[in-house]
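Look for chain A in each of the two complexes below; its partner is chain B in the first and chain C in the second.
Presenting the complex of A and B:
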């Protein structure tokens, strides 16, 4: 069982509003999953290096040359709100 | 439904037209889509227009090759310019991408005709397609059962003859598992083999685009058409793409294989294990040499996956906040709008994984969970590479069971996660793997998995061709 209130704290970090009753359910689920992965935590792996990805022969970085990307109309085409060439978002300051 | 090759041959001989193929595909959609729900978006008018263009090219002697005029479908997490792309999530709404993914573009350039975008678990997180925000798909063999997931819609579309091939994506088995459940061939290429440019990211160290086809030869052709380095994806492999069709033609009789005991233990249904043993014995009779191999840390792969994948997902999905795409739920200020848009836009499984990922990456837990999982990944990969010093390929079941019933695992996330227990290791280690249909069990399809060393899809296809041949007997 995950500690009480954990899900609400994680939801705040993840900027995720939870509906009523959703947190209790998620707390149970997370508890069960974390209990399952306890076995992995117990393995003595301190001397083993980490593998973060497995690309065998990756492209490497592209040459640093300028090129045209998306134009503004394409980039803003799916935005919920816009003002001219800019995204329009709710204010983030008290005086906004 | 005929294979891609059969259709292409008939086109070449003038026995059919692309328009006719597309009309036949749309007729099958019309007759079964209400029951099976394979698609989120259908393109009847656009596909018929494209088919007519293809027919004109062919008649004018300008055919673009094998794929020209062939109907296909794309999982709805692959960006398609100007065509609605949802990732089966409400948070993207009716998003219209301004560009296409490299894999889609490569097929488009070869004249393939896109008939629609297929259903999936939201953001590819799931093993049954039941976590789609637009309702589940159903297994065409038994509609009371799931088709698997997350590329369930693509597997259904191919199995039900609604298209000749489809693309899906894999993070932990999302192509191979639905392929096994629906009785088609599913390929997860090596990490890096196919560009992910334009694939909506789930877990970036694991994601790969894969193929769903009627048979192994079609799979080799489709992978050959989309594989190869791409300057738009730094992780795509720069190395040349081998001739997969030559590998299929050669077959695997000269190869050696192993059946790791860790994939044949309790938890894998006895009749699934028996099918693998039946096929393994048949391969030996064909001349393939069987050797003992062992992969001792396999049992921890699922645990590592359910730390790494949610961790990366929690980061990747931070971009969905109601500002740049999809509907916005207004709040008092920017932060409250983020909370509301994400809370209302994401479904339950996506929220579960975002929270789990946030937890394992949070201060004090990173080393305990995330780093530990990446260390385990090193061991898994080392074990695979050692096994491949002994044998050319590995043969295992694709899934522990045949397709389960709708609703059977939706209340128990861990039970759902177990459906991917045998496919996840290949994703963690970056290996190519294929699921080939075995002999059905109780009328339900079952998958046989062949895994090969990194970037050795040629070995995988050669062995899979022989597996396909003996499994059908």
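Presenting the complex of A and C:
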């Protein structure tokens, strides 16, 4: 079983609001997944890296050449609020 | 503070000077009108895919090498998720567990060695300005390549933290990977600071002071914060792990938010980018093309016999160092060059009348000037006039001497005529000299120099005056 606190923490990180009873169900589901992972840990996987990607290809790089992109009207045309050439957002002074 | 020791680690951010942004082709250019350099990728529009800039990766590798780091064989990008209006995608492409460089070491001038934990590549956020009606956002900076250099908590004082940061900036300048302009925010730092009883090895909860863009602010903020924490411990309290800002006008740090843990950022491997291999041969090519670093310059200049103050002044600037080197290659003597570069030319530079990066005259001319001085073709005061002229108009020492009429007067009889003229005009001084007052000799020599605009060597003037008065 997954701990109750863990589910609440994951819900907060995922910005999920859990309805009545949902946390219990998720706890059971998560518990089953973790049990399965525990079983996999018995395998000798020390030399096997994490599989983040299924493709073996390596990322290609781009030459450092600049070109202009979008005009300000095209780029910010659908913005909810503007102030001249700027995007306007509600004031937030957390870092001030 | 004497009963507490300070433990500081620094995260230095350096904007890279590439032509284009890190993951799109938008120009990376400071100072353009707001939202000029934007495209679907750096605005995070649906369906847009990033593509890494090879020059950004190379710059990160070069910095890692300059800091003595191991360069990874394979590296990858990760998503750091957080919500803020200057981050249009809702996440920053950064590096979590496979940074480009790790485990380096840097020498801090006047301090100890500082371990480098990691050198990672990421993208900058846009710029948010707070205004009366809300906040306005400019995305020109969003996606600009950013290096993050994380030190171990090896710094033991605010002064050492500052010296370390200055050295990192000098290294970036020497590598030419950033313009490192403080006033444009190209170099910024977050500092982690905790204190502990002297002799203790335990690490107490640390406070992070975020986003400082001036060496002076950093030093002041750390001095204040160490004092604040000491006061809390003295009163039996506990310091909480948190993020604080620095209010320079008030001279205090202030609480911003409780510190995030890595999990708050919900990191995961960037699904839009594949891992990339770093070719060993390419790394070795980059290593062999590294320029001389500031620490190497300092050692070399000290070895050449320059005084420490001149060593510091010359070594901190790529322009001054290359000017010095070129003039020395042309035959200039090191200590004399040091005097001129930190003296007359340094003053002209401070006045904005000379630029070592783009000098108005070739460094070889400084060597030529020293030669003319040494061979007696030019007097000291004349040389100063020549330097002024070269800094202003460029050209050669030879031409400047001719144009200014500063060539040393070779004709001894012509000099003697000038000396006689001076003595005629200064009967009192002449009488004093005849009466044995040797101290007026300096005055008379000065008068001869003035009449001849420095074209007579002082010792020649002095000898002829003595002859004229029959001494």
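Note that in this section the second predicted complex is superposed on the first by the 53 of 96 C-alpha atoms of A that agree within 3 Å, B and C clash if a C-alpha of one lies under 4 Å from a C-alpha of the other, contacts with A are read in each partner's own complex, and residues count from 1 in each chain.
As a convention for this text, contacts are C-beta pairs under 8 Å (C-beta built on N, C-alpha and C of every residue); 3 or more make two chains touch, one makes a residue touch a chain.
Please read these numbers as outputs of a predicted model, since none were measured by experiment.
In the superposition on chain A, A:66 makes contact with chain C only, while chain B stays out of contact range. In the superposed model, A:54 lies in contact with chain B only, and not with chain C.
Touch criterion met: A:30 reaches chain B, while chain C stays clear of it. Touch criterion met: A:83 reaches chain C, while chain B stays clear of it. When the two structures are aligned on the shared chain, A:40 is found in touch with chain B, with no touch to chain C. In the superposition on chain A, contact is made by A:75 with both chain B and chain C. Of the two partner chains placed by the overlay, chain B and chain C both lie in contact with A:91.
Contact comparison for chain A: of chain B and chain C, B touches the greater number of residues.
By the touch criterion stated above, A:7 is placed in contact with chain B alone, chain C being left untouched. Overlap of the chain B and chain C contact sets on chain A: residues 13-14, 52-53, 55, 57-62, 70, 75, 81, 87, 89-92, 96.
Across the interface of their complex, chain A is touched by residues 93, 95-96, 98-99, 190-192, 204-205, 229-231, 233-239, 300, 303-304, 306-307, 314, 318, 321-328, 330-340, 342-344, 346, 348, 351-352, 354-356, 358-359, 362, 368-369, 371-379, 381, 413-414, 429-430, 454-455 of chain B. Looking at the complex, you find that chain C touches chain A at residues 18-21, 24-29, 33-40, 42-43, 51-57, 76, 85, 128-131, 133-139, 210-211, 245, 256-257, 263-264, 266, 269, 273-277. The touching residues of chain A, counted against chain B in their complex, run 6-7, 10-11, 13-19, 22, 25-26, 29-30, 32-34, 36-37, 39-41, 43, 45, 48-62, 70, 74-75, 77-81, 87, 89-92, 96. By the touch criterion given at the top, residues 13-14, 52-53, 55, 57-70, 72, 75-76, 81, 83-96 of chain A touch chain C in their complex.
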